[in-house]
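Two complexes come next, and they have one chain in common, subunit A, joined by subunit B in the first and subunit C in the second.
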Partner chain A sequence: MIGVVSYLVFFLTLAAILAIAVLGLNLHWGNTGLFNGGIAAFFGMGAYATILLGGTPQAGQFGGFDLFYPVALAGGIVASGLLAWIVGVATLKLRHDYLAIATFGVAVAFESFVRNSEWLTGGAKGLRGFERPLEAAIGDPFLFNLCFFAFVLAVLTAVYYGLGRLIRSPYGRLLRAIREDEHAAQSLGKNPARIRLASFITGSMIIGTSGALYATFYAFVSPDDVLPILTFQIWAMLIVGGAGNNRGALLGAFVIWAAWTSSGWVLARLAPVELQLYTGTIQYILIGLVIVGMLLARPQGLLPEKLVISQSGGETPRRPVQST
Partner chain B sequence: MIQALLDGILVGSVVSLGAIGLTMVMHLLRFANFSHAELLTIGAYVALVFDRLFESIVPATKAAVGPLSLTFALFLAILVSMVLTGLSAVVIDRLVFKRIRETAGPLSMVFASFGVALIVRSVISLIFGLKPRLYSDDIVMAVTISTDPHLLVKPDQVFVFGAAVLIMLVLHLVLSRTTFGYALRAVAENPTLAQVAGVRLSTVIAVTWIVGGALAGAAGVFHALDNQVSPVIGQNFVLAVFAATIAGGIGSVYGAVIGGFLVGIAFGLALVILPPGYSPAMPFLIILAVLFIRPQGIFGELR
Partner chain C sequence: MLHTGLRAAAIVAAATLVGLSAAPGSARAEACTVKIGAVLPTSVDWGRPIAATAQFAVDIANKAGGVNGCKVQMILRDTQVQAKVGVDAAKSMVDIDKVPVILGAVSSGVSMPILTSVTVPAGVMQMSCCSSSTSFSRLAAEGKTKGLWFRTFATSRVQASIATLIAKEKGYKKMAVFYKNDDWGQDMVKLVVHDLKAVGIEVTAAIPINNDQPSYRAEVTKARKAKADGVYLALYPKEGIAVVREWISLGGTRKMIVANSLKSDDFRKGVGIKYLGDVVGTDTASPRTKSASAFVTAYKARFKKEPNGPGLSNSYDATMIVLLAMQAAGKDAKGPAIAAKVPAVTDPNGTPVQANAAGFKKASALLKAGKTVSYQGATGAVQFDRNGDVSAPGLVWSFTGSGIKELRYIPLKDVEAFIAKLEK
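This part shows the complex of A and B:
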């Protein structure tokens, strides 16, 4: 029984961590219409920077500054923001596909960088030597996992409500205005490039938070945590849940993470031996089918974006009067 | 150094062929197609299948052409592969992109193209296995063409370069001298006006996919001829063809050719300076540099 409960806590913790990243992506894609093809890079930046700043010193390894955990966490988040700033400044004034290509590129570059820069990132063997905050004080591993789950939930809730407020605020309206018609927003004296950059950096920092928590949870990070499939998983979560709807984003995160882990479990148990090597490949096909299938069959997702009518002065606008 | 330059030019001819199709599709349909590079993988595997098929039907085709490792069977298989890869590009368009084009915006197309790329790559690895293969097990030694500086070139590489240039020349003639070439440019400039002038949009789109697919298919075989046939060819090239497209200017076929060679040479020179592990990051640095210095690319217009 305790085994089932502790697995459930483990599963929910990971799902909640990924849900934070989905919320960040929803600010990009759902609310501002930005295409982020390099979630793995921003996630990884948060993860690596947190471990580097908060880890204990290791022989022959840069980093291990052993900083107070909240400082390390903040450092990871800021590092993701900086990465987003570099990519954003270069691309956000241009056509939307440039951002898609550049963010995809930054993920590829990031992975090859962490895989090869052994002095900084530990190379393929990854970074160890991180002591999880309060783990020694709490003692019991199960209790620690429960506490950590509560912490992740608190962060998720804060991000969820924070974004909810942001989206309902005039600023959120501005984001959607830019998504729908950039020129119209510009004609009202708004600067779309700057607002897009702000939204891109904020969303990337939220994704970085998710990466930082992920690394904290495992007390370890390696290049295998920043593979492109992570980007696809987060996307699938958002598109299944419903882009533009934060409740949908949460739902999608838990549904897809449950589908991913259970499909891996089923394939590992039931697939014939010669196919065992290809369970990952089969899961990739499934994720690809989910993305393409949703776009074809139900592009609005399970929980579609709600129509927000900002003008509440009197009647809802009707059809324009016909000019004769 | 000059050896690196030479190798870079050979890589460049493959990147150029891939980038031409991509830039045409991006210009015509206005979306960044992340599944374009998977057409290289499709091309390489179709050629592998038909190469084996021709060899088993007519054993005489097993003979190598001149000093190359390329056999007559593989030569025929390249032609078949170009046709079939072109057709598969049309099939993918009909199955996925056309439907999304009709209902949703360009961002959904980009999104879908990632999904398509993932599916194509994974299905190919499932069918043919993750292990790389070779067209021919015969080892053809590189020929020393100069001793000072020491330069080595494989006969296959010369063939690849020559064939790539020939294909680009043919395309240039088609685009600049035929009615289809005019129709294509007209549609890219102004689809509505082109339709008024009697150009069938759906035909032009289909032919663009076929041409782009055929070129990508050839690029895939050419790359695999010098290296290996593996399911990750597309994954390895996707960023390079984008870098070539952006450097040349989106929509410019000639820009894509030059951009392709630029990226190839940059790859070659980077291997001299940096450890090989970093080379996947090269195209990203090129993209970033182009976007900061000249975002519209060499021949492009800012949109």
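This part shows the complex of A and C:
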């Protein structure tokens, strides 16, 4: 029994870490309409910077500053913010699919950079030498995982409530105004360019937080962690959960990650021995089926965006009826 | 449309539920089973044969009476070459299936987080067939693997030195190097460049080759400019075929030395044997005992082809050594106890045993009686150092019209002497 609990804690920790990234993307896409195709880069920036700042010194390797963990974590978050600022200034003039392609390019370049800059990022062999905070003090691995889960959950809760407040505030209304019609927002005296950049940086820092926690959990990061598949996973979580709804984003993260991992678990048990070798491939098909099935059944996501009415006047506005 | 989607979702959900409820039942059906976990990239073309070979070793052990009288069940999970997925799979095996040993993974980027966040904290032994990164040796040297980490992948150091030996004998003065841009390739190029320099051969270009490019013309052109009289290739078949084709079509030299990753029929057929006459390959060798041929014979009988391909013999040995160590550690032993018994399986002074069913039976009996054995594996008389790394004899080979021919065998002590000279 303790084994199942131990695994569930582990599973939920990773799902919660990914959920933080999904919340960050929801600020981008769900609320501001920014098509960020480069999640892996901001996630990776948070992860790499945290390990570089908080890791122990390694022979022939830059980094290993062994900073106090909260400082390293903050450093990782700030680093993704900086990257987002640079990328944002360069690309936010682009709209929709153009922005998606540009940011996707940034993520590919980031992966290529960390794979090749061995002096800085350890190259393809990745960065290690990170001591997980308090692991030695806690001792028992299960207890450590439990404590770390509590920490991740606290961060997730803070991000969730913070974003919830932001979205309900006038500023959130402004974000949605830009998403729906930038020119209209501009005609009301708002500066869409600045708001878009602010939203892009904030969301990227949230994604960077997720990356920093991920690297902390594994005490390791390598270029394999920032491949485009990560961007796809986070997007699948948001779309299945429901773009524009933070509860949907959370739910999507847990549902998709559960589908992703449990399909392998189930297949390893069910498939006959002669098919065992192909379960990896079957698992991919199942994951695809789940995503496609959900999109067909509920294109608006499991928990669709709710219309927020902050000032009620006269008639209640109605959403246009969606056709399937 | 909507209904089809719902139905598909319902089917998936139903399948999942059936799976969840059926799981405990199927586990209870076997009277006496020992479980081991395997986390391997089965969804990747070169990963599947590695998993098939591990399962093959398990089948052989079961045929020879199993481990401590119990049937061995290998739980196989795919890594999708993603750390997240591999780590989750490993964690579920360790926690839910209570496996004392995990085989895998292949990519160092997956093996490493499994080691640091799953197996070492849980006291589970981990044996990889193929992870090549030097980071593991360093981690082990720092004492962070608690003696739970092993790998049967010996090839980088040995192969780099043998390649250098050949280059020197062939009288090459300037060499260009193409290497796969991953952890294995980056380690390999460092070793090769170091070794070639040590014997006075100039490396005029060392060019990284990234995965899945439609063309490598830019890389090949760069190497052509370097005017080398010999080329070294540390590539996998897929990129290897693409690079060598463009290299030869641009008039590059056919004098090539290749790593064992290209010892494959795909590469031979993909490039064409008429261009490969001057190609010499390196590998770690099987020992000159019947055991090595026993593995090849058994493999051919089972899979109807030669065991050519990256990691196959390593995967076989990894699995066999794990099973024998479990036998030596006794029933219901945990990870550290099993890891502690690995030296009893690879004791150079122990009774030599072959890498087949008869050998497994013989070894089981000897280990049960508290004796030690020297496992004569598919990659040699494997022996682990304190960091869980292995060394092995070397081999030189070339391509023929129908396959691969062995040119020369270099015993372990000659390899070690040559490496010592290079390191000076």
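Structure notes:
As a working rule, the second predicted complex is superposed on the first by the 277 of 324 C-alpha atoms of A that agree within 3 Å, B and C clash if a C-alpha of one lies under 4 Å from a C-alpha of the other, contacts with A are read in each partner's own complex, and residues count from 1 in each chain.
Here is the rule we use: a contact is a pair of C-beta atoms (placed from the backbone, for glycine too) under 8 Å apart; a residue touches a chain by one contact, two chains touch by 3 or more.
Since this is a predicted model, take the numbers as computed values, not measurements.
Set against each other, subunit B and subunit C differ in how many residues of subunit A they touch, and the higher count belongs to C. In the superposition on chain A, A:128 makes contact with subunit C only, while subunit B stays out of contact range.
When the two structures are aligned on the shared chain, A:262 is found in touch with subunit C, with no touch to subunit B. Look at A:217: by the touch rule set out above, it reaches subunit C but stays clear of subunit B.
Contacts of A:95 after superposition on the shared chain: subunit B is touched, whereas subunit C is not.
Applying the stated contact rule after C-alpha superposition, one finds that A:278 touches each of subunit B and subunit C. In the superposed model, A:296 lies in contact with both subunit B and subunit C. Contacts of A:116 after superposition: both subunit B and subunit C are touched. By the touch criterion stated above, A:138 is placed in contact with neither subunit B nor subunit C. On subunit A, the patch touched by subunit B and the patch touched by subunit C overlap at residues 112, 115-116, 277-278, 281, 284, 289, 292, 295-296. Those residues of subunit B lying in contact with subunit A across their complex are 26, 31-32, 34, 96, 99-100, 103-104, 106-108, 110-112, 114-119, 121-123, 125-126, 130, 238-239, 242-243, 246, 250, 275, 277-281, 283-285, 287-288, 291-292, 295, 302-303.
Remark: subunit A residues 29, 33, 35, 37, 90-91, 93-98, 100-102, 104-106, 108-109, 111-113, 115-116, 232, 235, 239, 277-278, 281-282, 284-285, 287-289, 291-292, 295-296, 299 touch subunit B in the complex.
By the touch criterion given at the top, residues 1-2, 4-6, 8-9, 12, 15-16, 18-20, 22-23, 26, 41-44, 47-48, 51-52, 55, 75-78, 80-85, 87-89, 91-92, 95-96, 98, 107-110, 112-113, 116-117, 121-122, 133-135, 138-139, 181-187, 208, 210 of subunit C touch subunit A in their complex.
Within the complex formed with subunit C, the subunit A residues making contact are 3-4, 6-7, 10-11, 14, 58-59, 112, 115-116, 118, 122-126, 128, 141, 144, 217-220, 222-225, 227, 229, 260-270, 273, 276-281, 283-284, 286, 289-290, 292-297, 324.
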